[in-house]
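Presented sequentially are two complexes of chain A, the first with chain B as partner and the second with chain C.
Take a look at the complex of A and B:
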């Protein structure tokens, strides 16, 4: 019997080692699989959200934007003095040819047919296509005109001299193709454009007056005097009040890219629908207040609500949490009572958030109503005030994350090396000096990181706020701790429960905003942690 | 504690019948120890014999351990530092401490030295005090140009001398050293030993050491601790170092210093 008889040798040894290594390989693949599952789940989540946040939409307008603009300018042209209209190009051409003071609009063929008796007037800065502005050969003055002069020529001007100084003081006689004819359309589209967004303020106001009822107009003036409104505000008003687009159908990004033809075919079934590619998350979406119309709804109200609530949460729970952590870690004797408190805090961190909502409802909304509604400070109208305010919500979330903050802060305080405390005491420092000069400064990065992560939990919390009474439809920005409020997660929750398809897309866009804010918070925590990396 | 008369005579501090308990565990029993002024007294003994515990009794460092309980007297300037009217802060202000592992504060070298003086109400020139203390710890020449650097940028031996400078800055009567060289390499250890001998001209030093050669090299007196069958530490022998090492009074001491156990 050799001395190593009890251990495998030779071939056996090699096989044995191989088997042991193989076991490790199996475990490694399992761990890799676990990681992959996590990453894949995250990817699917992101893809689902992004898939919903942009894509084709079919929009129906009450009034089509180009109809609005062209209708408006056509009306203006037809209302000008001395206008004759006809469907008969030959008749128009004859009429113009025989009158030195006439000006008119012909299509290309109509002009070519009587080119012997007519002269074309060139628009120097914006030449026209397919239509020609013509005058009689007898007209000796009108040759080259600017586009502004062209507009004046077919508007309210009375005499030729009104258009340009030096032209005769004779009345302009206008000959136009019939209303809604292709020639007139083409002319207006080229001269004025067909997009409401590019029209001057006066034209927008006139369009508004034409299409909005007198009562609605008075209401708009009450909201904000017309003169105080900017051109952009007029464009928005026109969009909301006159064009009134509604989203008839939406398609996901995936369908929009890979099944574009199906999308178009489906869209063609919808009467008067215009298909366009729409990103739901835009700057307008972030800065617009909540609205019941998905085309105009934004998340400003919800973002401000979230920021307010989280601010209250922060100023309540962070100081209280750090204070409690310092007491328990540095002053607590570790006796029975301290053990009891500690166990309670650890358990509280695991209590479902909805239960905090019940607590908040009972304590902050109901019992402390005078405080949380603001009526105690006479800051709210006592007849309508109730406790369902930002303050109540912030305090509820504050209680929710308090245990987390305490646990994190204790961990940070405990991780300050004992050696620093001993060194400090050894120099004759008091307990408070030791805490203030050595424990806290070295624990602060950890405390901040923990607090920020707790705050980001509060930021994404939904259930307790539903119970506490976040408003589901609120159109006014919150103005202080006693305002009614909604928050981003509540807004998302509410939108996802709406039947209209467009709200699902809005929810996806809001989720992206929420995720971006949360990631920003977490990034701050990471940056803090790296910045104050231990030097000892 | 404002001593008017030097009631301890030639002794800087003395322990009378000192017993230490951690909860129910009797850690150290019946220690009588008189520490002479401006001498270096070494506490040696096997692991767990309570020498560090005894050292920490001299500046009430054991107060930081909630379960620790102390019986007996520790007389400092004729006053028992465990009397109820004595604030441990007063004691630690007069009796400085250097720890096993160098533990500078994560601050600049300057602040490390100045901080103790600041919190103790020092009114003089801090710059001067910092220089004086760093010179006292034989560190000045190495750090004079980088006083703003973090204490942790120094080498281990320099960090330990910084900790000594920090202790010197509050002008203590006694400096306790708890295995001050155990985390250092031999050359850095030697520099600390030289420094200790230098410091003994002005300060009373009590040093716990695992290294018997170190005790033999630097100390004037040596106290040998060991444990009984209940693992309770006690003072086996105390005497002038040269005598204790050459003519140990007991068999146990002899076995220990000749390396037969411990």
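Take a look at the complex of A and C:
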């Protein structure tokens, strides 16, 4: 009888055991490492998205904002009656000194040079610096003026009496530094501001009319009458039509914080670029409709489309799913037919989502086109109607999540103890009465949680809806189940596929919105689950 | 006083079961709801087969062309499905190489080693990973994984659209799936098996690898197959990150030259990516592109259906009942 490799003894035994234990320790660390990798992957994902959603951007304007404002008011000042301009401060000073009705602007040195014959007019509520409003020493009435009077003094007024009652009826003679001189610019910047966002409505309207073609003005008036637009709408109009910012380059948050000098150096290479720190996800982003220009694009159309589609999915698949689950659990006999249905449902749960999209395309979009396009109910425009509507999308997604809801609901119904049903039968209730009054109310929390999770899955589905036919260029909000649509995940897909850098940032911002919505849905599900959790 | 003596025996109840019409109607309606799922499967099969039949009925399409051609360009008469299947196979292979080891290790850790507190912290994280929409993963693949690969391996080797980054991110996508199914399978093994092993002097590692894992093998295989099936059917990640055109070759010699067919760092469109790209554009219902979509869809459906059947057979045949 040969002895094969026998169990070690003595010292060998100790070494053997130690080796096995060491192997255990090594593998345990490997397992822990694998787990860390999983967690790290999630963190990197979230960090990447946040990283892309904020950062420095280099913006090029067609017309710079301050140029627009200063140019406008400069034009207004130069068009005032009785204006003379000159590059020569000394000449201006002499002219003002010699005329009691004259008023003008000089820089500090120009004023000091003839301080003997000139007096400075103080602007009481907003004192000017680097530039002085001057009048002749012979001017006995104007000592102080308010900033409003200052604006009137250099604008359309004819006589001194138009500026303030009690002043003489003499015409104002204005002496200004030459157009585009620094003195004139700083005067306008201090008096009127240089940001379009702070200008009054009349000024904005005038700027718009100056820079926008007549045809475009007519189009804007058609969209909404001029009087109905608010000041903020005018600011937006000016920004979009006149200033026309385009994003020339973007940088991630990480680069913006840690490599700021490199960012600035790269930005300096882009002509006429202004560098700002921009947060891509803002309230405007959520409430603006889709646009082909990344600077003005928003996700409102997509969010509304998503909500509509998920709503249709809800009202279709949740009742049908719960009903099917009730049938299989309560009325089912367990026979061949029921087994077949059950196998079927399990198979369907494993079918790729894009196949559902193709099913939806062939059945809901093409075969049932009169129904889904709304022409059956005569609600659709005959020339543009087709089956690629919210209704078709909702039904497709409904079929997709139906197996999930059925499986979930079955589990919930199964978890209600038999004793409840038997007690109800014992009191003489029929089967449906038992289900409706006893089983369902106790199963609803589980059903609800499962349904909310299925809905959040439907929220994030992209492929089936692309196949069913989400619109690529849609700017109007959906108005009902027969509208064309786009959804938030599809918007993300389209923006990610564009080459310009700004679209990647937009996609990141849209992803944040999507994840926030899903987080809210899942949180509701978890809260409901914890609140209604019963153990029997 | 007139006595109205009414005794219990004077009341003659009608004890026959009353037929309630409402009950029957409700039962029939619920049956219809349940049967809707059968209608769905029927619909899928009918639609895919009939439209694919229209594709194969076209004169320029032959079965041999479909299976043996080395490029997919329907416009000029090339209908080789294997180009697309190859790309799907590559991405799924890379995904499984990433997800299977990681998933198994995390599952073993969760099932055998982790304290309840760690498990309570890790399971929600896995649930969050599972709940993230695939579009987000696609964005992640394009904006993080591809530059990372380019930085590690070199920008001239790794194209902007490549199979590897899509595959790796699909792996991350299916990681929670494998982990949760494998962990369920491992936890279902009764504790008595483990205790028997400990009683014989085995270490924790030996118990986990040599006793528990083989005992849960049917569930683990089912998890493995479900994960492959999910990876094969994945659409958005490959649509965004792995390229906008099939990797076509003039002939099979070119395909195998330098293993060009299997290069993971170049672009290659998968079956699902192709379907999404074509149907996302303007497509006329009579064109050959439209019909070809359903042929690809049918292939995809048959593959995942077969995998599903195999996985259920394995579970049924090899499931250990304790």
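Criterion: the second predicted complex is superposed on the first by the 499 of 536 C-alpha atoms of A that agree within 3 Å, B and C clash if a C-alpha of one lies under 4 Å from a C-alpha of the other, contacts with A are read in each partner's own complex, and residues count from 1 in each chain.
Rule of thumb we're sticking to: contacts are C-beta pairs under 8 Å (C-beta built on N, C-alpha and C of every residue); 3 or more make two chains touch, one makes a residue touch a chain.
If you're wondering where the values come from, they're calculated on a predicted model, not measured in any experiment.
Trainee: Counting only touches as set out at the top, which of chain B and chain C does A:421 meet: first, second, both, neither?
Mentor: The first partner, chain B, only.
Trainee: Return first, second, both or neither, reflecting whether A:334 touches chain B, chain C, both chains, or no partner chain.
Mentor: In the superposed model, A:334 contacts chain B only, not chain C.
Trainee: Touch check for A:31: first (chain B), second (chain C), both, or neither?
Mentor: After superposition on chain A, A:31 lies in contact with chain C alone.
Trainee: In the superposed arrangement, which partner chain does A:466 touch: chain B (first), chain C (second), both, or neither?
Mentor: The second partner, chain C, only.
Trainee: Given the touch rule stated above, what does A:429 touch, chain B (first), chain C (second), both, or neither?
Mentor: first
Trainee: Have a look at where A:407 lands relative to chain B and chain C in the superposition and call it first, second, both or neither.
Mentor: In the superposed model, A:407 contacts neither chain B nor chain C.
Trainee: Looking at A:442, would you say it contacts chain B, chain C, both, or neither? Reply first, second, both or neither.
Mentor: The first partner, chain B, only.
Trainee: Residues of chain A touched: more by chain B or chain C?
Mentor: C
Trainee: Residues on chain A in contact with chain B in one complex and with chain C in the other?
Mentor: Dual-contact residues (chain A): 430.
Trainee: Which positions of chain A touch chain C when the two form their complex?
Mentor: 20-21, 23-24, 27-28, 30-35, 37-39, 41-42, 44-45, 48-49, 52, 319-321, 323-324, 326-328, 331-332, 340-341, 344-348, 350-359, 361-363, 366, 399, 402-403, 406, 430-432, 453, 456-457, 459-463, 466-467, 469, 472, 489, 492-493, 496-497, 504, 507-508, 511, 514-515, 518, 522
Trainee: How about chain C: which of its residues touch chain A in the complex?
Mentor: The touching residues are 20, 22-23, 26-27, 29-31, 33-38, 40-41, 43-44, 47-48, 51, 101-102, 105-106, 108-110, 113, 122, 125-126, 128-129, 131-140, 142-144, 172, 175, 179, 203-206, 209, 226, 229, 232-236, 239-240, 272, 275-276, 279-280, 285, 293-294, 297, 300-301, 304-305, 308, 312.
Trainee: Contact residues on chain A for chain B in the complex?
Mentor: 333-334, 417, 419-430, 433, 437-438, 442, 534-536
Trainee: Give the list of chain B residues in touch with chain A in this complex.
Mentor: Listed in rising order, the residues are 59, 61, 64, 66, 88-90, 92-94, 96-97, 99, 101, 103-106, 115-116, 119-120, 150, 152, 163, 166-167, 170.
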